[in-house]
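Listed after this line are the structures, all set down as structure tokens.
Two complexes follow with chain A in common, the first pairing it with chain B and the second with chain C.
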Partner chain A sequence: MAVLNRMDWYDLARTTNWTPTYVTEDELFPPLMSGNFGLPQNAWEKYDEPYKQTYPEYVKVQRDKDAGAYSVKAALERSRIFENADPGWKSVMKAHYGAIARGEYAAASAEARMMRFSKAPGMRNMSTLGCLDEVRHGQMQLYFPHEHVSKDRQMDWAFKAYDTNEWGMIAARHFFDDIMMTRDAISVSIMLTFSFETGFTNMQFLGLAADAAEAGDHTFANLISSIQTDESRHAQIGGPALKVLIENGQKAEAQKRVDIAVWGAWKLFSVLTGPIMDYYTPLEHRKQSFKEFMEEWIVAQFERALTDMGLDLPWYWDIFLKDIAETHHGMHMGSYFWRPTVWWNPAAGVTPDERAWLEEKYPGWNDTWGQCWDVIIDNVVDGNMAMAYPETLPYVCNMCQLPILGTPGKKWNVKDYPLEYNGRLYHFGSEVDRWCFEQEPERYAGHLSIVDRFLAGMIQPMDLGGALAYMNLAPGECGDDAHNYAWAEVYRALRATKKAS
Partner chain B sequence: MSETQVLKPLKTWSHLAARRRKPSEYEIVSANLHYNDKRPDSPYELSPTMFMNEWYKKNTFGTALKHADWNAFRDPEEVVYRTYNMMQDGQETYVFSLFDQFNQREHDTALDPRWAGTLARFYTPSRYLFHTIQMASAYVGQVSPASTITNCHYFQMADSFRWLSHTAYRTKELSLAFADKGFASDERIYWETDPVWQGFRELMEKTLTVWDWGEAIIVLNLIAKPAIDEAVLRKLGESARHNGDTLLGLLTDAQLIDAARHRRWLATFIKMALETPGNLELIQGWIAKWEPLADKAIDAYCAHLPDVAGGAGAAKAATRDFRHSLGL
Partner chain C sequence: MALFPITSNFEGDFVLQLVAVDTENTMDEVAAAAAHHSVGRRVRARPGQILRVRRQGSEECFPRSMKLGEAGLKPTETVEIIWEAPKH
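And then the complex of A and B:
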């Protein structure tokens, strides 16, 4: 062999720890940035990444991947898939790009923090590649939607969303800033790569890719499957770090970070992915319900990932298993009713056929969420549109920044979980949200939710118009019903038939 | 709301639309991507006083190196992720074809054992040095106030990993040809204790602990990198050619292609920085503070580098020429 095998020199490329003497180890790796688990450099040298890749392999493989994704885009550019897509599907794209594209780019900085501050040399090299991956994901998910900006003003939000105080974006930033932008290197590896990427992005990307392929949007399907192949590499950065922590008696700290990140990810998915899968994706293109996806990807696979690692299931697992059949229905109803406050057009998704599907997937849906939808539907059918729009804001949780909600019907269970901390009263949507806050109150206590800002007079005038201006949402951007209420015709016809009989 | 104008679709992102010219792919996917500059009291959506918010308020937005709009920075070569991989995959194909070809010709066994000893001392420990640039670039990238500046650093971080990988690869090969020179085992000892490396180690340990973004971007790119480019790439490459090591000479030349690209965006950055009154003096002050450390590193390294007469003086002069060429 004239060329060495990768494993002949791989270990040398990750033998890069040295003992600093012109500065101290704590100066080189400040505990707040590096991860203050009290472990010296040599403890971290045992870190062994399961997915090994070298620089030359990386640039070759990634070049090929890009060639694939970009050529599909180029080939389909004149296909009018966007123009002809179901409006519900367009909303999926708008919500996805806005909430995800620049968040992925921000993740490059989180990877760069692991690169600079981790004491594990293998992690530093893998994060170098991870950082590049996230630049890729940010750039692709801006380049692809840019094709559509001249067709639809809401597509501008693929870029703009992160710069605004739109309520969903405050929630998205609060979550991503908490788990990746403001944590030390080791915590980033646990919270971003192990908890969020291993646990959740599989679902957003593979689940959506399946729906996209069904909906005929091959560009999008191809794009996000290609992204997922990177995720499945750099998501493995956290696992070996957890191993080091557990071996060094730090399981409780590791577990706490997993529990906080998983809960936050779940809440974000309940508002972003749940409505997309169960309401926006046209009925005939739905592969599985959101709950089924959650059970397959999160419950089954992530449970295994946790136990393989020697971690426990989060203490709130029972609450979580119950909520995956409920929370997103409330999030959907909320974002639909408050549709002027989002940058996409929510699809109601409640025609009789769709309700039958919901009832099948979520027995009892008609007796709970269905009752509330009946009221909205009646108002729309009656032309009573003033009643079908909001006038003010819903109350939001001081942890996840999302509306505090419960399940309607006979078992109406909405409940506030309050906490007084340093003289200020905080409100949470669940016991778990409150617990997350209590783990490190100083991270969160000084933050004002959008409702706190409203009540403090920071949003003027204090009505929906003032709130929309605060959220940078103008007519032309504000959401409205995806199908312009065409679905109400079925109910009008049903009503007419009933009358006639 | 009914009296308000309804916004119409634009030809590009609203933040680029005001300029009335078609943006490039580079601008569409690279400009204004950071969102932590929207709320001065709280870069991130958490307590304004939590430590990372304080870190960015102090080190990124509080630096003395000011510009009214750092987001106006553009990489003159408009490198984006996909072009980076195309470019570097091509470069790696070239470098690995060199490795392959020289290996087939049994290049290493033809080397003078004394030169092999020089390589063990002056060359293979460089993976530690390149790793420090990788780390420092990752830091400056993550605290840069504009995504276009950040991206140049992330690609530079990756390039440093590339250089490190070349060194690791060659270290292994050399260890097979010369079992008695300590290849693949003594590099850390050289890096930590040999006088040849202590100047660079001191320079980089101190560079790595500059947290202020303005000072860090200057020290890394205007002081540390030029010193490394000139001494450890250029002068070592010369020494190699003078000792029958054609492969190392070609390799450092290939790496200097990356270094030249880094200097081109840096030149654009410095030009932009000098638009703000006071920055010239500030940067000159940082140069004056750090240059002696870089000079010391070059002196220590080049003094004993074989067959490069006047190497230290030439390398130091080259770093100054580069800075002078930027108006500094």
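And then the complex of A and C:
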């Protein structure tokens, strides 16, 4: 029997809307879950997905992808890559798995919302596959790190992190809860797939795949490349939804969701990916600075994606372009200085050679972040370790839940962006974070940041020990310097040379 | 006397920090409490200079002997801790 070509039947087969008679349209597609934006069902039937795939095709391709990634892992299991890897690279893996793996499972639930509640049949089909993608990503990114749990307790955070009140995880959950767990189907398609996945996962997955291959970790490189091929398909779910909204006079609502999600994604990547690229990755393996990578892979591509869609650049684009050269340096210094509160071991990344690289990539680094590092380095070299750790909490933003920071030293520009709302004083890390909150204050107002929780007496005793217990960081899991301060020897030698001369 | 949290924005440092002070503390004592978390950790001491406290965005510092409770600050409000060279 002759088989029809896919395109001869696909559109008809996925035309699965009908006119309900036993229930109303709103009962079939509750607006709160569906997100109809006041548009009737037939407006959503014009949704046309650019990437059409059938279930049998999906299964075949995914089977091949899994076979590839799992066989590379199996082949390299005895290669002792983990044991021999640079400690900075291990930290990259730990940070990535903890922040991402369980979030992938959560994303399966968000895809399932589009699958059930979207009025667009094409979206329902695409997100059925997207949901299966996310389950696969969750499973792989828990299975792959599991072989290392017996060697290194921090690897257990691949599974554990999402259930904890560790500050970075509070930030990650706050963001993902906002863009994908508590939004209607259409908003999920805009905020998760178009804004976060099209805009940013390229960076985490393509950039890291390249770094992993450079570092000789082919298992990790294959794993995340395999994931990225799924991302590049299901990231396209949001585009046609934006098109429907814009054609039906809903551009302002669409733009607002893009603007909120892009900013939140940027802040999360500034703490997760920025330090990895510019500080943790061994100098000889760095291809591009974080800023260069952002400019090539995020800024240029995302600008094109937005304008192709008929959207504007977010109103804060100039602020964003400035921030990509600054914010992640502060996020790195914060996660390094407060290193007992993270589940990986931050690499300082500030040897003289690394500083020369930072100064070349970010002119003025030595006069700004370098000035703070000078003090930290002196304390480490002098063995004055008590001063190389904090004794209080950094103040965190009530929107992104990350430390409120800016440029230090000679260009000191740190600033709080406060807002009083219903008698409570909120603090924000930027004008944009505050703007995001103001778009729907009741959505965010009840959330307590880690500092709010501390002040409310929820963290006891009110000291570092109490904070670590609250964050579920057990002994053996708390972060410390990735290289056990071996880098300080270079500075000791420099001092000795200087003294001798 | 009451414990009072402020947010310290310390000149030359990179991050805001929570600092526990008391409404009876003078502004010099507030500055010293903030300095404990910045100076010698990420900011170099500046011998001969003193530290002043001002509301964020204000050009004018609070009087050094003013008590925190008299400054009209809200709990967790951000104050800037600024280096000041001695006046000759």
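The rule is short, and it goes like this: the second predicted complex is superposed on the first by the 499 of 501 C-alpha atoms of A that agree within 3 Å, B and C clash if a C-alpha of one lies under 4 Å from a C-alpha of the other, contacts with A are read in each partner's own complex, and residues count from 1 in each chain.
As a convention for this text, a contact is a pair of C-beta atoms (placed from the backbone, for glycine too) under 8 Å apart; a residue touches a chain by one contact, two chains touch by 3 or more.
Remember, it's a predicted structure, so these values are computed and weren't measured experimentally.
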Which superposed partner A:N36 touches (first chain B, second chain C, both, neither): neither
Greater residue coverage of chain A in the superposed arrangement, chain B or chain C: B
Which superposed partner A:V414 touches (first chain B, second chain C, both, neither): second
Partner chain(s) touched by A:S232 [first = chain B, second = chain C, both, neither]: neither
Partner chain in contact with A:S150 - chain B first, chain C second, else both or neither: first
First (chain B), second (chain C), both or neither touched by A:Q53: neither
Touching partner for A:Q250 - first (chain B), second (chain C), both, neither: neither
Chain B versus chain C as contact partner of A:Y70, first or second or both or neither: first
Chain B partner contacts - residues on chain A that touch it in the complex: 2-4, 8-10, 12-13, 15-16, 18-23, 27-28, 32, 54-56, 59-60, 62-63, 66, 70, 102, 105-106, 108-109, 112-113, 115-116, 121, 124-125, 127-128, 131-132, 135-136, 138-140, 142-143, 146, 149-153, 155-156, 159-160, 162-163, 170, 173-174, 177-178, 181-183, 442-447, 465, 468, 474-477
Chain B residues within the chain A interface of the complex: 1, 4-15, 25, 28-30, 33-36, 38, 42, 44-53, 80-82, 84-86, 88-89, 92, 95-96, 99-101, 103-104, 127-128, 131, 134-136, 138-139, 141-142, 147, 150-151, 154, 157-158, 161-162, 164-165, 168-169, 171-173, 184, 187-188, 191-192, 201-202, 205-206, 208-209
Footprint of chain C on chain A - complex, ascending: 330, 333-334, 337, 369, 371-372, 374-376, 379, 387-388, 390-395, 403-409, 412, 414-416, 418, 420, 425, 427, 451, 454-455
Chain C residues touching chain A - in the complex, by the definition given at the top: 5, 7, 9, 11-20, 36-37, 40-44, 56, 74-78
